[in-house]
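Take a look at these structures.
In what follows, subunit A forms one complex with subunit B and a second complex with subunit C.
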Partner chain A sequence: MIQTKKEIRPAETGASKTVNYRRRESIKDFMCVVPALVFLIIFVYYPIVHLFKISFTDWNLIRDSYKYVGLKNYKWLFKGSGFDVWLASLKVTLRYTIAEIVITIVGGLLLALLFNHTSKAFNFMRPIVFMPKYIAVATSGVVFIWILHKDYGVLNQALKSLGLKPLPWLVSEKTALKGVLMLTAWRVMGYSMMLYISAMNSISVDYYEAADLDGANGFKKFWYITLPLLSPMTIFILVTTFIASMKVFQSIDVMTGGGPYNATNVMVFWIYSLAFEEFRVDRAAVVSIIFFLILLACTALTLKISEKSVNYDA
Partner chain B sequence: MRIKRGIALLLAMILCLAVFTGCGEKGKEDETGGKSKNTEVVDKEDKEDKDESQEGSPYEVTEPITIEWWHAQEAQYAELIDSVVEQFHETDTKVTLEPVYQGSYTELNEKLIAALAADTAPALSVANTPYVAEYGASGVCEVLTPYIEADDFDIDDFGIGLIESSSYDGEPISLPFLISTQVMYYNKDMAEAEGIELPETWDEMDEFMDAAAKVTNGETERFATCVPGWDQWYFETYYRNSGVEIVTSDNTTDLDGSKAMEIAEQFKKWYKEGKIDWCYGTGASTNMRQAFFDGKAFSVMHTSSLYEMYVENCDFEVGMHYYPGADTRYSEVGGCVLLMPAKNDQKVKNAAWEAMKFLMSKDVNMQWADGSGYMPTRKSVLETEEAEAFLEKKPAFQAVFDNLDNIKPRIQHPAYPALSKIWLDSMAKAIIEDADMTATMEEAAKLINEALADY
Partner chain C sequence: MSNDIRSSHRYTPKFLIVLRYILAILVTLIMVFPIYWMVITSLKTPEELLLPVPTLWPKKFAWHNYRDVLKMAPFGQYIYNTIVMTLGIMALQLFTGIFAAYGFSHGRFKGQNVLFLVVLGALMIPIQVIFVPIYVMVAKLNWINTFAGLILPNAVSAYFIFMLRQSFKSVDKSYIEAARVDGMGRIGVIFNVLVPMCKPTVLTVTIITFIDGWNSYFWPKMVTTKPFRRTLALGVQELRRSYAGIETWNYNQIMAGATMSIIPIVILFIFLQKYIISGVSKAAMK
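Then we have the complex of A and B:
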């Protein structure tokens, strides 16, 4: 009987068996990723779509009801009183981001060059430099508030002892962002140092031996061998630091609260203030969406550029 | 490939459907609205309950229930809170009250908002007084009128200023729990030794500044006073007492008006002369306190709830002076109110009301005041022996007790958080960074008017 059935299905050749097998495998594969996909949909994509919806309402998060207001919130951001604050906040965020990228890459690279030795002393010192990354920002922020205090702070005492004028680090709009960046530098440089050291160790010694034979000095070896072969790592640090620093919040919240006079009012802190201090979740949603699009565009652009200019030999 | 596309499309459709189904549900809620819906439900249940039995409260707790009470009182108040909660449990109650510390008032507000959105609100919560307006406008709090009426709860004992502070739109939506007001703390030893008299009116401030400040060759050795520029609550009273309408009846601000400019310019003048410190930015509160402890400031403007903190940290006698007045001599309510989120079901609200009644009762009112540094809120307890003992222990509080009827509610406006930030930033910029006061305040008024226009 079974034999007969097989005989009346001439289409089921070896090729169609392969197709069926592949289809079954595809479904199986897909089912394996379904749990992760469901998780992503619930906790990532759904909130994004929901955020988009909120941006067209007048919801304040605590009210049960809301009504759709069309493009009112977008008009507030681009044509109303929100624009100046948004522009100022974007400028502050970009200034912070550029500074953090420079600190992370330049500082990390210099530290990596300094600590890329295998002696016991360096093995001991490396984790010490790396450790700040794992100290909670809230804790280190409080310590830095004390260090940067205009009257009792250690930094100003040091400046005074050197005959320099003490500065009102966190209370002047000219110095507040620099104060926050000091904490950032202390936290991030050790991390990028470790990344650079691991990348340096993966560069083949053959290149350096060949350079030695050609009579290259230390600087030339660094400039023509180390630096280009570190470019994948540099791009990785650049992209991750860019995304992380554009979203800076905790250090600002702890150290300056966005002040003084909005001098450190970075985008995420502004979004937080709109939502939780002014109860304007509708406006916070609009700012979040525009900021999300900016981040997306910048990240895509960075990756595009990196494809063309990175040496992946390492 | 087709299957993958099909499943992806299906998931995307489910996602969109889920979002817009959500919209529909909210839309339905639109028709009833948060606050009125809850009130209606309560009223309806009231009537049904009253029909069933004419005796007892319709909000009676009939079976054992455990509820949470979110508060913002730090570790030093834990013993007091535990003691009062224990006294509540010793009464004939079926309610088990679990106090939960949720951080500062700001943190508690964030958590409460998140809990309300997630339908996991506590049965009872405190809230800093500035949040009352927005909570009221959004229907966060249960309207307490039916509860008060059903149980004959003596709300008038709190005094009109405190009732208004905890009400919205004429309805009590919370009760005044731990209440404070603005005062001037001063160095009493210094005042007696140097014969410095505290100002009773704004006009006497100039004279007071000259007497209390010590400025030599442009260098300040001692400030006459420190103004907490980090929170407009501490200086807005001077404006209001001079007749400045911070929010006018036509929903604009008068902060760029002539009277307001006069006060702002006066503060700036004192600051430039080195007679006052305008405390603003990171660590401003700590700096101000330290200046007072160290004798670098004769007085500070702060909240009455910090009296014990000042007494404990100063090696001199601390005096408390009620703010000087102008056309009027009012101060404003600070501290926190106690509220019941309206979203909870009626059983939870009944339990919350029972606990609330106890926490706000005459029996424990003076205990809160004595143990926390806040002031007693019930007028009736001021005539008791406990109150006399309290004044003997904290005689400086006489200044506040004498002015209980002059403590008025804060300005209740949903745009007030936005307004406050613009105002205090502008004041600091004009005073500390020496920006032109007129131009700065005109710009601030423009931004404030835009914020007000949203409501």
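Then we have the complex of A and C:
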């Protein structure tokens, strides 16, 4: 329709007509991406610039006005009372992240080996193992609070009946993070299992047949064929899990509220409590910026490693 | 799906197959247990809840827990809020995503690559880093406790654009040119050619957007302070009332609320798992 209008336009030389037509077409193409870009600028790029601005102020949410205080908030974070909390928070975040990565990769791989089998029963069981990922953490979090309850939780009852020592889980500094990781394990293992199964199925059978001719046993085939050929998938899972788990908030907020005694005070939770419990938006901004830089650096690093790593033809 | 590599070409002893079944059933039972426990707890009486040894099956079904929860908290309102928010986010992400994916795949304009980098760059700036300034902005606009505040900051998903663009790119230019020659405009091409040809991807990203919206917690927590605009994920937390630091004991009611909140997702998962699974493997191929 739009073109026919243009075709009717009289008195244009052929050349300028095409030029005009092209230009109008490219403007229309551009208009297609404008809505998305406008929203991204308003809700992603402007806020990140604003974040830097806030970090140089003394803004407290309960006051309306603020003034610029230079690097005061940065000094608070690196040389003042903020440093110890920051370091502790970073440590907890990293401990959580490393644990989630290990659970995702090792657990997912083991489950993939177990469930990569075709039969009606397995086709029925696989989605059940995979589903927890899609249940809201807010919901599964409260379920796990009850399962992990110190006195009436079914997990401690099970441990007792097996003759093992029950743990205080979420109410003790020492075990709170482990309690949160129970939920994490339940959520993520099925997901990485599905990823590993799809990667395993794309490995050519030829490799295994060749190994059979050489008389390799099951473990050798796994170690020398399956595992190396899965490495691109492992790196993909590593990178995505790393980025996602550094940002953990929901399960902490629902299950422990950062406690007990800051034992699970991960970075995003700390930023949240600085901004919405202490109303120190300025300090929250500084911590956000440093956290953002850490995320960027780590992402760049992991991407570099993954580029360098050998790419097999899987 | 596909054949099992390890047992397809060599004789496997029977006891190994049996062992595999036993282990798989065990794992499946463990995975399904939290859901089972949630439903079972939601049907227990307060007395049964605190038995020293938990019962695996309720002695007496306390269906009234569900009625009590509906009276305790405005669950109808939570459900309404969640549906409006989720559909709003879905509609806007589809609108911005489909057009942007077209522009970045089959369109041609100056600065196309740079602008696509702007989209990809957004993937590197998560909401968890910038929620403070977004909150400040939304508060200034008086959007706290409004659907605008819940929906608009999520109007674009860079991931959505990225996935759709890959898919649109795989459609041969000749289809589009043919449609244009037939007199179809840009919008016609998008909705009569590209979207139908990329239906699996469009469906997959739409379903994932729906699930993410339904389950979202982080941003709704920031932007809603009053029960009348709270969403389901937050509403379940409201049931955990504690009085002056004393622990709540209404786990049966909390579990009833939790059960109600996940029903739509479980139904969706059962019927549309094919698309969800294909989305998972597609994401990994990029």
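Just so we're on the same page, the second predicted complex is superposed on the first by the 274 of 314 C-alpha atoms of A that agree within 3 Å, B and C clash if a C-alpha of one lies under 4 Å from a C-alpha of the other, contacts with A are read in each partner's own complex, and residues count from 1 in each chain.
Operating definition for what follows: contacts are C-beta pairs under 8 Å (C-beta built on N, C-alpha and C of every residue); 3 or more make two chains touch, one makes a residue touch a chain.
Not measured: the values here are computed from a predicted model.
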Have a look at subunit B and subunit C on subunit A after the superposition and call it: clash or fit. clash
Is A:V154 in contact with subunit B, with subunit C, with both, or with neither (first, second, both, neither)? second
Taking the superposition on A as described, I'd like to know which of subunit B and subunit C A:V188 touches: first, second, both or neither. neither
Can A:L109 be said to touch subunit B (first), subunit C (second), both, or neither? neither
Does the superposition put A:S140 against subunit B (first), subunit C (second), both, or neither? second
With the two complexes superposed on chain A, say which partner A:M125 touches: subunit B (first), subunit C (second), both, or neither. second
Can you tell me whether subunit B or subunit C touches more residues on subunit A? C
For A:L238, select first, second, both or neither according to whether it touches subunit B, subunit C, the two together, or no partner. neither
For A:S26 in the superposed arrangement: first (subunit B), second (subunit C), both or neither? both
When the two structures are overlaid on chain A, which partner does A:L177 contact: first (subunit B), second (subunit C), both, or neither? neither
Using the superposition on chain A described above, determine whether A:H50 touches subunit B (first), subunit C (second), both, or neither. both
With chain A superposed, which of the segments 169-177, 241-249, 259-267 or 277-285 in subunit C collides sterically with subunit B? 241-249
Overlapping contact positions on subunit A, where the subunit C interface meets the subunit B interface: 26-27, 30, 37, 45-46, 50, 276
Report the residues of subunit A in contact with subunit B in the complex, numbered from low to high. 23, 26-27, 30, 37, 41, 45-46, 49-50, 53, 60-67, 80-81, 145, 149, 151, 170-173, 255-257, 259-262, 273, 276-279
Going by the contact rule at the top, pick out the subunit C residues touching subunit A in the complex. 1-10, 20-21, 23-25, 27-28, 31-32, 34-35, 37-38, 41, 49-50, 53-54, 95-97, 99-100, 102-104, 107-110, 115, 118-119, 122, 124-126, 128-137, 152-153, 155-156, 158, 161, 180, 183, 185-186, 211, 214-215, 217-218, 221-222, 232-234, 236-237, 240, 251, 254-255, 258, 261-262, 265-266, 269, 273, 276-277, 280-281, 284
If we count contacts the way the header does, which residues on subunit A are in touch with subunit C in the complex? 1-4, 25-33, 35-37, 39-40, 43-48, 50-51, 54, 111, 114-118, 121-123, 125, 127-132, 134-140, 142-144, 146-147, 152, 154, 157, 186, 190-191, 194-195, 198-201, 203, 205, 208-209, 212, 218, 221, 233, 236, 243, 247, 249-250, 253-254, 268, 271-272, 275-276, 281, 284-285, 288, 291-292, 295-296, 299
Residues of subunit B that touch subunit A when the two form their complex: 1, 3-4, 7, 11, 15-16, 18-20, 22-23, 26, 29-30, 33-34, 37, 106, 109-110, 113, 116-117, 134-135, 137-140, 280-284, 287, 343, 414-415, 417-418, 421, 425, 428-429, 432-433, 447, 450-451
